[in-house]
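Encoded as structure tokens, the structure appears first; notes follow it.
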């Protein structure tokens, strides 16, 4: 079972990296760019487990290790 | 128009960060985890442009700035 | 002979390069703002270390688009000297002026240390005053100094003698222990270690001096000054630097003298 | 139902005081402004009354406590600016960003004085690393966060300390110190002077993050604080680098009257503090403040603690000039208000006045002040008892010494400082790994030495003596580097001041620091207090961290602790006594944390420090190292490490062997000199009546220690070094 986890900063938290890239893009002429936010994409191969098991594992992994829910939120999908 | 860009290391390139997370997960008991790879998720708000314009912009942005095609691949989607 | 040190937003070894050239070597040097359009009058351009544009997204990714980079390209194309140190190296690879890429250190940590390097070639304007195979100690300070390049390019680089420095004990996972490389024409050098941090006895290390002296020798032998004059001038510079740094230490000096008499 | 004042952390009495100040009930915004400003973190309401114990003035003091940072004269029109700050609570919940923003905050304090930041230090305390994955996670994140911020902004992190103890299991400590340099005539203060001058804002936009961080730092960590999570923010060292350069360039133009960082309590604090130091009044419009999010309320704008923002008081008419310079650095400056003389802090939202309070009443001058009850804790006299006879002597001293050298508290901290760029700015003459860091001051012959110190086990067993020892140990570290100690910045980390036994610890510690600083003539010029470092079950050991700076007149005459050459003579200065109480040896090897802490004799201490300084200055010493945790044997081993040079020493003593090797008697040093200098050195020692003992000489591949003619320790330096250097990495893996 393979999965993709998306970890992003919570909306209320500033994203300095995103801001800097937004400024860079605007300077390069993409003046239409209104916001950039940078997160993590984590691709996992979970081996031979069921979708239910995978879902259960992923929640725990995200809460425990992959995201720090103090500042980040996460989403995942099986694929 | 909003877009998501996914930047990942090329398959041929080692991903020590992914390995470290894989090890950490295994230590936590998820011994089924066979591979972890870490990439970037870049969320953009492109403002008021058409899908065609957005597609054209995104290719240029990715090739020029968002990915280093020597080591990375990218994909994007409008949303 | 005039050096120029480019200042990007977020550069922070710019002052170190500036002072190494000015105080330790007694040569002319100017800061160049990233927004500048031309580089007339400069013989060697230094892209210093630091965190240009915060190194956000990827090290050097944004700096490569700075206005000054067109001028750097022109300067390099004209065969003049360019050296990128640490972040400067990352910028040069991002800009395509040097092959390969620099990724996260294998141990995923920033590493600050002084490490032994092997001088792989003296056949460049940056290393002529070292000895081939010589081991020198130079500080490193980077989180992403793990050099990567595709096999074909690597092969060509080796054939061409483009691998300039290698690590004796690989600290970061770099391919083939590579610490510094140059372009085919050998007038553009990129290296992760910081020679500008090894130019004064008071800092406990002068192994970086000969890199800058090599550059000066190369530039000055190009110009009308005779080889003899170069040597004299060099000796003069040396004395000055010995005076300016608080303790004089002869080791690097005698080595260099020997080399000049070779 | 909780009362509105309770929700902002105030008591009923405090609320009444506000009503008195205003002559009416405060509105919600006003109440929140009082809430953050009267929190312990901003007002020091529990600690202020005790600060009179500190010496804070002296010939060299150009700025004592009360400003963004303290300033001490080092001669030749130059001065050192320094301050320490805690970021304990944010680091406990998000170690990387918590530590990073701690570094960012302290750097702003330094350049707010107009100084160029030149060095960072950090003092860290964590729980039991050997038995906790969580602790490893915290260590990893905190160290990476400090590195991430300091390295990026290009200020070298040159010294610090890392200790582990169970008492920090629930409350790690992350204290960051920054040091800057400035010319006397360029010192700036956070003054809003000149009625009609403009108040400008530069830097990051204001967001909802970091809301109420100041009051967050002033409550115990409970399940509830998990809810206040957003007090953690993401640091932006790149933005701060731009701010730093822009501000220093602005100060050169003469258009700036006052400068203030936006730190704890955000705009509220900056407004009232600059106003009280200046003309007394200020008026600002929250609508003009750049925001990151839509729909922010005035209260959110006023108390947000978003990072990387600065507050400028600009001479009227020169606003455009300021904007131009700031824009060169890719930033924007906006005018948000003006200086007034009516003593009021008026906050507008466009045309509407949303808050109107006497400015000084928010400030620490108007905040309540408490003199808390205190009581000697029961453990204090109980733990003094120690029956040495009941403690078995080690059978194999080689093994014991190795155990100590590889223990978390004594092993090399290279794993940590290797992640910090300690060389950038090419002025670091002595890197981390010796007693203190030494920096040259470019363009002069001078250098400065920097250190942080605190043995919190001593401070637990005897807060007063322990704190005095922290001050003297810091001074010893500087003196061993050849520097004359000049001034102190203190980071006081304690449990809840509302508990009498904890407040007793605090009170004793402050007294001890005051005494020692007076004795050593090192005034306290700045500092920070962090209370409430406790969980429901446990308070941290009292941890008053001492940051100290010293000056070296001729940088060529600096010294390090490492043995230099074969044949050099090893001399022990001071007196070794039967004082195992509170030692690392007792704790680590015997699991005992008790006993009387080593006695401190200021007379002897000062005599020895003066002697070492004069001997280094005369060029008589090859190395100098103070003896601290681990005692003589560990200190000796430490001297061998860097150059892998062994030593052969003989000790004659009536004491137990373990007491000789490991007791931590104060005021002791290991020095070396070349044989040719021995005569001159002995004359000097005789002249100054320095208690000393010639122990042996440097050389060989082993550390050999004989006691009363019998060989007790013989260890290969290579093996010791490998184990000592690798130990931290092993703990982390």
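Just so it is clear, A, B, C and D label the chains in written order, and each chain counts residues from 1 on its own.
Just so we're on the same page, a contact is a pair of C-beta atoms (placed from the backbone, for glycine too) under 8 Å apart; a residue touches a chain by one contact, two chains touch by 3 or more.
Owing to the predicted nature of the structure, the values given are computational and were not obtained by experimental measurement.
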Inset, instruction - With contacts defined as at the top, give the pair, C-D or A-C, that has more of them. - result: C-D
Inset, instruction - Taking CA centroids for every chain, report which one is farthest away from chain D. - result: B
Inset, instruction - Could you please state the distance in Å, as a whole number, between where the Cα atoms of chain A are centred and where those of chain C are centred? - result: 38
Legend entry - Distance from chain D to chain B - Cα centre to Cα centre, in angstrom: 40
Legend entry - Separation of chain B from chain C, taking each centre as the mean of its C-alpha atoms, in whole Å: 33
Inset, instruction - Pull out every residue in chain D that's touching 2 or more other chains. - result: 236, 238-239, 330
Legend entry - Shared interface positions of chain B, touching two or more other chains: 40, 64-66
Legend entry - Per-residue multi-chain contacts in chain C, two or more chains: 53-54, 56-57, 62, 65
Legend entry - Interchain contacts, given as pairs of chains that touch: A-B, A-C, A-D, B-C, C-D
Inset, instruction - Spell out the part of chain C that touches chain D in their complex, as residue ranges. - result: 9-10, 12-13, 15-16, 19-20, 49-51, 53-56, 109-113, 139, 141, 143, 194, 196-197, 199-200, 202-204, 246-247
Inset, instruction - Using the touch definition up top, name the residues of chain C that touch chain B in the complex. - result: 57-58, 61-62, 65, 93-94, 100-101, 103-108, 148, 150, 173
Inset, instruction - Would you mind writing out the residues of chain C in touch with chain A in their complex? - result: 53-54, 56-57, 62, 65
Inset, instruction - State the interface residues of chain D toward chain C in the complex, per the touch definition above. - result: 144, 147-148, 151-154, 236-239, 241-242, 329-330, 417-426, 428-429, 440, 442, 445, 555-556
Legend entry - chain D residues touching chain A - in the complex, by the definition given at the top: 93-94, 97, 204-205, 207-209, 229-230, 232-236, 238-239, 292-293, 306-307, 330
